[in-house]
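Right after this note come the structures.
Both of the next two complexes hold chain A, though its partner changes from chain B to chain C.
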Partner chain A sequence: MAAKKFVVGCFGDEAVLFPAVKKVRAAGYKIHDVYTPFPVHGLDHAMGLRETSLHTAGFVYGITGTTTALSFMSWVFTSDWPLNIGGKPHFPLPAFIPITFELTVLFSAVGMVMTFCYLCQLMPFVKKHIFHPRQTDDKFVMVIEVTNKSNAGEIKDFLASVGAAEINEQIAEPGWWYGRFDREDRLYAEQPAPLNV
Partner chain B sequence: MKDQFVVPAKLKTTSFVLMGIGVLTLLIGLVALGGEHGATRFWAGILQNSTFFLLVALASAFFIGATTLAHGGWQIGFRRVPEAISMAVPVLGGILFIVLMILVFGEKDHIYHWVNAEHVKHDRILSGKSAFLSKGFFTTATVITIGLWIFFTMKLRNMSLEEDTWDLSPETGRRILWRNSVWCGGFIVVYALSVGSTTPWLWLMSIDAHWFSTMYSWYTFASTWVSGLSLIALFVIYLKRNGYLSYVNEEHLHDLGKFMFAFSIFWTYLWFSQYMLIWYANMPEETEYFKPRVWGAWRPVFFLNLIINFILPLLLLMKRDTKRNYTAVTYIAILIIFGHWLDFFQMVMPGSVQELNFPWYEFGLGLGFVGLLIFIVANQLAKAPLAPRNHPYLKESIVHHT
Partner chain C sequence: MHLKYESTLREPLVDGVKDYHKVTEDIIGPIEAKPGKLWYVGFFISLSLLAFGVFSVTWEVYFGTGVWNLNKTVGWGWDITNFVWWVGIGHAGTLISAILLLFRQGWRTGVNRAAEAMTIFAVMCAGQFPIFHMGRVWMAFFVLPYPNTRGPLWVNFNSPLLWDVFAISTYFTVSLLFWYSGLLPDFATVRDRAKTKLRKLLYGVASFGWTGSTKHWQRHESLSLVLAGLSTPLVLSVHTIVSFDFATSVIPGWHTTIFPPYFVAGAIFSGFAMVNTLLIITRKILHLEDYITIGHLDAMNRVIVLTGSIVGCAYLTELFMAWYSGSQYEFAEFYKYRAAGPLGWSYWIMMTCNVITPQVFWFRKMRRNVMVSFIMSIIVNIGMWFERFVIICTSLYRDYLPSSWTYYRPAWPEVGFYMGTFGLFFTCYFLFAKYFPVIAVAEIKHVLKTSGESFKNDMTKYDQESAEKFAHDLEHAH
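This part shows the complex of A and B:
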């Protein structure tokens, strides 16, 4: 994926962030993402994100697990290798239930974790551009993509007017990539402003 | 904001009509169910319904206790609803106590075979259990449990009403939290030792006196707890539909729906655990309980029970949209309550009445109890404002977001 140009606004308080998100959306700018140090209730609605379909995926993985467990055990114990276990029938459904349950849980859990990682673009050894080093600490970071309908200067002024404390411009790769941060300097056209600590 | 509930005439009429049906069924039953066998069915129906509805009403007190101890804030907005339902415990407890005393001290052993001294003498198993299954122990345990339940439900309700008269201050808030936690802690211990342990063994499991299962009380608890949650949801929806509880919305309903969903699965977990261990071990003294239910006349009821209480809630309540839909939750809540009523039906009847009858009598009595419950809860709701206005978590409940 090609690198894109972003305007990054940094907020100190979620009470400022919320109206700012609404105003930025109303003004028609394209919000790339908002990074917060903790889950902010209602932010997804304010940003206009659609409902996740992760649970549907979970259901599909779950019934896949149920079917796998039941069909495999039925096949093994009735036709492939029937065993006499304590005089029980060859198709002892109650004895299959715990394993079926476990496999349903296993499939849906593992499947949902992997789907979640894919949707959020998270994976071991995979790198993503960090717009502000304090976005996981105590800052709320709103990232606006500069499209061909908007220009960076205008967005910067707008962000300042809605209360962003620290505003800068970055050119970054929006997707994920394999590699090391120190080798990927070419992705950064402008480094984030130094922290005032 | 409508904060003071006024009982509508229509609801009052409904409750009286249902209670009338109950009394009429009782009278018809008295006449129609004649003879030794009929008397057994007569008493089994009363026992099934009075136990079920008492434990369902008590589940509301458990809801208050559990959410208070967990420092939950989301339920405060409708806390007066479980409080009002729990106020049915003194009445229903009284009814059940009278029924149990008649069954234990009556002339005939209609339901409990262990009350017949002559019978116990020739029965090695029952004489071995006679310390537990004796009239003295049964009565003492019943008096203590029902007494403690009445004490704690009244206490929790009175505390909540008293707090409305206090002044709003941080000091008040701390005091409310502290004393509610202390009393709810006490109640949870009592509840765990009664509903979670001994009480269902005495009242219901001793119908099949030779048989025993340590899962039985948990199973009964799960059954009544999920029905209790459904009942809370029904009253919340009723109030909401009539313009009350304006600060309760889909978010609260969603959480109640999640509880109904989760505890339907929990019930199934216990249903299966009890069944599977007995099926696996395959010992005659244990399988005798399941023989009439799974391989006898009760087979359709046994599997209908599983469909209504597990498969339907699982599939229907799985979707987020269903849990946030007032109409859908109403129908599913009624379905769950009926399902667990049926569960109690198949717990009580095969050991006492034995053959499967069309349950016109039991269902009619059940409607009577529903009417009584509606009558009590409506009157209790009308007694106090619907918001516990001094509770420190009220705001948390109003802004609750799932």
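This part shows the complex of A and C:
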């Protein structure tokens, strides 16, 4: 993805952030994201984000686990190798319950965490642009994209009027890339031009 | 209008005057500082124990399980006792992180991270025992149902011992995922305030590139809630299945339907004791008294007295049923070989530590006394170890055939193995306390403005307004 231009404003208190989000949306600016140090309840609704369907995925993974366990054990005991274990039935459904339950939970949990990591693009050695170093500490950071219908100066003034502090402009890559947080990756545009020899 | 209102009558969960940044400083600070002398001493002792454990286990693997004092009558001794004990300890962590989350118990936020870490380390220790009890440990993978060249000959899906394999491994995996997904945002906090390159690199890798985006938080909340919902029946199932190892057999003293609830209550009982042991030390050494308050200890001691009493009821029920069932073997087991007999002393240690002494926690003063809580937590740990010893060994040493009656005491490799798991547990815990945020930073910030001591005063105005107005404001917030 190409780098984009953003206006970044910091809020110190979620009580100021909420009305600000409303006003920014009402004014028609495009909120790229709001970064918060902890989950702020209701912020997703205020930003107009849709509900996540992650739990539905979890359910699907769960029933996959149930059917895997049940069908595998039934196949083993009735068809692949019907072993006589103390004269017990070959299809002892009650005895299958514990393992079926465990696999349901296992599939669901592992599947959901992997889906979560995929959706949020979380992986070791994945790097993303951090708009403000304290967005994981105590600042609520609103990032507004500067599109061709808006201009940065106007957004800055607007953010100041709704209570943001430390307002600045940043050109940043909105996606993720492979990188390390101890190294500053400079944008291609900012790289020193190669010398013409 | 605040997001959540909490009555001023409730005790604050975070003491002192704090803001979000102060919370970060208090909890992340110890990670960035050099560890104190006590940490090195403790870490060294743990490492030595671990080394001794490795030696004992190597000895056992080299010479075979014959070096243990197990015999044809007592086939399960310290090894399975320790297995059940460690698994039980793990249960408190999941109870705190999952069940208390579903019950919306705010106080869990201060203790859940450390308790979950304890769960993971305890399950790691527990797993060692059945694996090395196999003797030919290099064939341990035979317990897995994989396509093999022996037929394929599959494992016995009817066996509770195989259910254990699935239960313990699922439990470990799910606990680890739950714990780590909660750690991601906190690792990102450490990363973003790191001053050294190495710390920035390592926590950058560990945080998976977490940014704190609102959408990610929304998914994170959903994930945590569903994982909590999955872990709740899981934790109950794990100790139920462990109890099936005994309950599905025909040994007097094991063959009872009371075992699953009795084991689960006992597991939570011993687990909370271990949480208390660890957190009382941790809060002192890392100066986290504002986050793990006396109120937290009080709450955990309440759980201890409740579950301890459930366990006590189970002991009495067993005694009653041994008489009421009219089974002479059951009667002999309980009245001749448990409460009396050569191993009778272990029964009375169990009774004293688990049923009698925890009753001090009916008194508020005792629940809120740090020293009493600490000593009690040790006593309960000892008592719960003896409970497993009593269940396993006193049922086995007097079997159906008097000619094979015997006594059992452990050999040094068995003791060394147990010591070694202490080493493993505390080595992991010391590393955790140094390099991980021991309290869930983001979760504390989440409850700070409703449950922090310095914010509590702002709640008085909501306390005084009418219920109708409060409901109306809440509905129209945001």
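Note that in this section the second predicted complex is superposed on the first by the 183 of 197 C-alpha atoms of A that agree within 3 Å, B and C clash if a C-alpha of one lies under 4 Å from a C-alpha of the other, contacts with A are read in each partner's own complex, and residues count from 1 in each chain.
The rule is simple: a contact is a pair of C-beta atoms (placed from the backbone, for glycine too) under 8 Å apart; a residue touches a chain by one contact, two chains touch by 3 or more.
Note that the structure is predicted; figures quoted are calculated from it, not measured.
Undergrad: Give the label of whichever partner, chain B or chain C, reaches more residues of chain A.
TA: It is C that touches the greater number of chain A residues.
Undergrad: One more residue to check, A:Asp80. First (chain B), second (chain C), both or neither?
TA: So A:Asp80 only meets chain C here.
Undergrad: Looking at the overlay, what does A:Ile63 touch: chain B (first), chain C (second), both, or neither?
TA: Neither partner.
Undergrad: For A:Ala160, decide between first (touching chain B), second (touching chain C), both and neither.
TA: neither
Undergrad: Under the contact definition given at the top, report the residues of chain A touching chain B in one complex and chain C in the other.
TA: 41-42, 51, 55, 95, 98
Undergrad: Can you list the chain B residues touching chain A in their complex?
TA: Where chain B meets chain A, its residues are 272, 275-276, 279-280, 318, 320, 401.
Undergrad: Under the touch definition given earlier, write down the residues of chain A that touch chain C in their complex.
TA: Spelled out, the residues of chain A in touch with chain C are 14-15, 18, 22, 33-47, 49, 51-52, 54-55, 58, 62, 72-73, 76-77, 80-81, 83, 85, 88, 92, 95-96, 98-99, 101-103, 105-106, 108-110, 112-113, 116-117, 119-128, 130, 133-138, 176, 180-182.
Undergrad: Where on chain A is chain B touching in the complex?
TA: Residue positions touching the partner: 41-42, 51, 55, 59, 94-95, 97-98.
Undergrad: State the interface residues of chain C toward chain A in the complex, per the touch definition above.
TA: Answer in residue numbers: 2-4, 19-21, 24, 145, 151-154, 156-158, 160, 162-163, 166-167, 170, 173-174, 177-178, 181, 184-185, 188-189, 191-194, 197-198, 200-201, 203-206, 208-223, 225-227, 230-231, 233-234, 237, 241, 244, 442-443, 445-446, 477-478.
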